[in-house]
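You will see chain A twice below: alongside chain B first, and alongside chain C after that.
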Partner chain A sequence: MLLPWEYGVRNLARRPVRTALTLVALATVVMLVFVVVGFIRGLEQSLAVSGDENVVLVYSVNSEENIENSSIAPSSPSVLAASLDSAVKRYGVLHVSPELFLGTRVKTGAGEGGLGLVRGVSLTAPLVRRSVKLVEGNWPGDGEVIIGRLVAAKLGSSTDAMAIGNSIDFEGKQWRISGRFTAGGAAYESEIWCKLSDFQTTTKRQDISLVAMLLSPTGSAAEVELFCKERTDLELRSIRETEYYAMLQQHYKPVRMLAWFVVVLVSGAGIFAGLNMMYGAVAGRIREIAMLQAIGYRRRAILISLVQEGVLLAAAGSLLSGVIALTLLNGMAIRFTMGAFTLRIDSVAILIGCGVGLLLGVLGALPPAFKALRAEVATSLKAV
Partner chain B sequence: MKLFFRLGLLSALLLTMGCGPTNVAKTNNDVGMQTNSKYVSTVEPKGAIPVGEAREVIADGQEVTLVGLIGGSSKPFVDGLAAFTIVDPKVPYCADEEGCPTPWDYCCQTDAVKQNIATIKVVDEAGKLVAGNVKELLNVKELSTVVVQGKAKRDDQGNLTVAANQVYVRPGE
Partner chain C sequence: MALVELRGVFKSFRKGDETITPLDNIDLDIHAGEFVSLMGPSGTGKSTLLNLVSGIDRPDSGTITVDGTEVNKLSRSKLADWRAANLGYIFQTHNLIPVLTAYENVELPTLLLKLSAAQRRQRVELALEAVGLSNRADHYPRQLSGGQEQRVGIARAIVAHPKVVVADEPTGSLDAETSEQVQVLLQRLNKELNITMLMVTHDSNVASIASRQLMLDRGKFLEAIRS
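Coming up: the complex of A and B.
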């Protein structure tokens, strides 16, 4: 015969302070798990949505995995356009975007700032980077820039400082913010875009970093790759944009592994904290447990009741943390070397966080319960 | 508690050991095995010249027999097409003991590679580029030594491309 469900529930209410403290401890552990998993999911999501399957990036063969270090001839877009018919062409406009991309120190009008990512683009950029949407203001003219949704986070500055009409400084020039854009969570959201020719003049560079091509339905990335291999004099390489960001995912694999390791450590620490607390809780109830055995309840029934208490508390803690994480943490911008991304409390994060919470409840309750049940009933009844 | 301690110890041990792959390139001893591909020649063509020499003497449209090692970049094969780059055998690549994960990119010899590289396109009887995975088609891998026979294509920039319909893979090299 099992103990009544209400018995376990009422037991929690009998010691409100201890229950509240255990709840806070469990909720804190689960919150830490949410933060770390949200960080990993945000980073993964940012890189995953950044690539377009139909876009091929052509950049310098010498820069290997880092487009910021790439430098190719400014004639590359026209050479590619003349030699290949892989790119989309609509109303006479070829969907090929020459871009100059670099990381540079950016200062806001308020004096804040940090290392920003600046991309010099032409009018064809939005045709190729299809996720980019200008949500406020205008396309940049001379001396103007548009900024991504996460630029303020990337620079560690306030959103007000990045308002339209304000100015920012980089490469020794003052630029007026003319608009804001989003990119569906892609990496561009932490970038500053300006006119390519303007950026080239300011940086005193004639080269470009890369050419992004939107492939037509009949075009193939392999043709572009073959062209780059045949024209060894141009020193170009090509890669699908999705593969480029998958490569970056690999680059950040140690960070992700470390973060998962932190999840394991936090969960482990949480389980030990839970064990400690449950030992204390059960130790104070040795006589009660012995009494239950004396009146005929089997050890298994008492064990289940104790686990029920632990799981109830853990589930409440997980729910509490889940609500806080979803309302306060989800979408919070995080600055990172490659730009910025948002914490992502998605279904996977919820599943892992709540799973760890429930595991804490079960694993935390079992050992002390076993210990209490192993003792002699007669001895336990006399325990103080 | 002893059980928990042992489990914890075991987990820590497993985490410490890790399971990362060894990233040192393997030698190509198993290359040159038999393949049924019609593009693979079983007899080595005579009079093959190295890539560097070919870039100096071969004219556009001329028939040529070239010898070289598959490489020249970290990805010498073109995905989805039977095309790859080869480098003159005289250009040295990183030795095994140097621990370079991609010795076929000739990372220490980039200047020498520029004058000693050619692109090979495997073509069918109609002269059309064959689609598919060239590694499986020819049973080759990076740093395999191949002898190709075909028609050279030169451009004003000195680039050399050979449209080959037969490729001989030297066994054990």
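Coming up: the complex of A and C.
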């Protein structure tokens, strides 16, 4: 038979200051777990939604996996179009997007700025990058750019500085912001897009970085890959876009592993908060615990009651952190090397955060409970 | 047959290099309804004997039988169940749980029995009535006087209708007047409810309320002072 639920609940109010401090400590630990897990989930989600199964990227064979370093002939799109039937063609428009992609220093009108990602695109880009949606303003004309939802976060500038009509500087030229776009959480959301020809002129480049092709139902990525391997003179390679982002996932694996390690370290610190609270709570109740055994309560029942106290406090801390994380952290933009992404406090993050919180409650309560229950009842009844 | 039977009970402790033998081949019979007090100087094994009878300590050798159950042979969990059903314990320092009301403190032992909520309520109310604290049921221990706290402790000890109630210095932490009230209460519970009691005290006045007084010294019973 277990001890009454009220016993565990009311025991938390015995030492209100200690309980409150422990609650804050546990809530802080769980909050840190939410931040780190939200970071990992956001990064994974950003990379997961960035790839389109039907899009193939063709870029320079010499650039390894870094498309920013890729340089291919401007004729590549037409060569590919003429040689392959793999791309979608609708109303006479081939869904092939030549793009020039650069990482370059971008400054806002307010003097803020940082390293931005700029993509020179043609009108076919939205046909291939199907998640991109212009949500405000117009498609860029000469000297104009459209900016992704997370560009301000990527540049570390204010959102106001990125308002439509404002100007930004890069590659020695001033560009007017003509519109804003979203991409369903994909990596493009931290990019600045402008007209390809305009960007080539500004950067004094004739080449492009890549060609993105939307495969038709009859087309296959293998066909494009075979073409690239056969035409060694073009020095091209191809990769399915999903595979490209899966590769980036692998690239960021050490970062994710490090983040998980931080979760473990932070959780470890949290256990000490729980231990401190429960050792204090149990130390003052040695005689009471012995009395409960003397009147017939089994040690298991007392152990469960003590664990219940720890878990109750941890659950309260987790709940508090969960509410704060969901309302304040969820969707917060994070600047990262690949661009920017948002912290994602999803069901998995909630589950892990609250799970860690409850685990802290259990692990924090067990050692002091075992210590108290190991003592001889007869001796403990005389404890001061 | 006696309700409580101790046969050849031996118990010793190591304290540094010294071996202390608080109980040395003790025999004792306590009959149902009897009120036995146990006196003796400090460290002579009074509490040890009480702890052995209540099953919270085990003898080195010998047998302790309560109502036909050889308690020294029960496992730890079986002993807990046995205590819940058969034993009431009155402590010197009340040992009430401060976060529970008087009613909830008294109710604790009944939660271990197979009783309905109504039966539990009835038992708790009767126990509180028996100790004259029905009007303090909703009070927390901090809102009670020392004597009232001890009476709640006594109500907790009798609420499960135990076969034996053991009391370890039940008046040890009370002033003279309150001690007197508790003595009267214990005597009344023994006589009116026919509760078998074993009480440890080093106060001869308190011991005198018992129907039989025993003196323990250096591990052996001296003569029965009164029986």
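Just so we're on the same page, the second predicted complex is superposed on the first by the 384 of 384 C-alpha atoms of A that agree within 3 Å, B and C clash if a C-alpha of one lies under 4 Å from a C-alpha of the other, contacts with A are read in each partner's own complex, and residues count from 1 in each chain.
To be clear about the criterion, a contact is a pair of C-beta atoms (placed from the backbone, for glycine too) under 8 Å apart; a residue touches a chain by one contact, two chains touch by 3 or more.
All figures in this text were calculated on a predicted structure; none of them were measured in a lab.
*Asks:* Is this a clash or a fit when chain B and chain C both end up on chain A?
*Replies:* On the shared chain A, the partners fit.
*Asks:* Touching A:E112, do we find chain B (first), chain C (second), both, or neither?
*Replies:* In the superposition, A:E112 touches no partner, neither chain B nor chain C.
*Asks:* Looking at A:E68 after the superposition, I want to know if it touches chain B, chain C, both of them or none. Which is it: first, second, both, neither?
*Replies:* The answer is neither, since A:E68 touches no partner chain.
*Asks:* Would you check which partner chain A:A294 touches, where first means chain B only, second means chain C only, and both and neither mean what they say?
*Replies:* second
*Asks:* Looking only at contacts as defined up top, I'd like to know whether chain B or chain C touches more of chain A.
*Replies:* Counted on chain A, the partner with more touching residues turns out to be C.
*Asks:* Check whether A:R14 is in contact with chain B, with chain C, with both or with neither, and answer first, second, both or neither.
*Replies:* Second partner only, chain C.
*Asks:* Tell me which partner A:F261 touches in the superposition: chain B (first), chain C (second), both or neither.
*Replies:* first
*Asks:* Quick test of understanding: once the structures are aligned on A, what is the angle at the Cα centre of chain A formed with chain B and chain C, as a multiple of 10 degrees?
*Replies:* Angle at the centre of chain A: 120 degrees.
*Asks:* For A:E6, is the partner it touches chain B (first), chain C (second), both, or none of the two (neither)?
*Replies:* A:E6 sits against chain C, while chain B stays out of touch.
*Asks:* Could you look at A:A378 and tell me whether it touches chain B, chain C, both or neither (first, second, both, neither)?
*Replies:* After superposing on A, A:A378 lies in contact with chain C but is clear of chain B.
*Asks:* Have a look at where A:E230 lands relative to chain B and chain C in the superposition and call it first, second, both or neither.
*Replies:* In the superposition, A:E230 touches chain B alone.
*Asks:* Looking at the superposed set of three chains, what is the minimum CA distance between chain B and chain C in Å?
*Replies:* It is 24 Å, taken between the nearest C-alpha atoms.
*Asks:* Under the contact definition given at the top, report the residues of chain A touching chain B in one complex and chain C in the other.
*Replies:* Overlap of chain B and chain C footprints on chain A: empty.
*Asks:* For the complex, give me every residue of chain A touching chain B.
*Replies:* Counting only chain A, the residues touching chain B are 61-62, 64, 220-223, 225-226, 229-233, 237, 261, 268, 367.
*Asks:* Enumerate the contact residues on chain C facing chain A in the complex.
*Replies:* Chain C reaches chain A through residues 47-48, 51, 54, 56-57, 76-77, 80-85, 87-89, 91, 93, 95, 97-100, 104, 108-109, 111-112, 156, 160, 168.
*Asks:* Note which residues of chain B are touching chain A in the complex, please.
*Replies:* 1, 4, 8, 15, 72-75, 78-81, 83-85, 110, 114, 117, 119, 121, 129, 155, 157-159, 161
*Asks:* For the complex, give me every residue of chain A touching chain C.
*Replies:* Those residues of chain A that touch chain C are 1, 3-4, 6-7, 10-11, 13-14, 287-288, 291-300, 376-378, 381-382.
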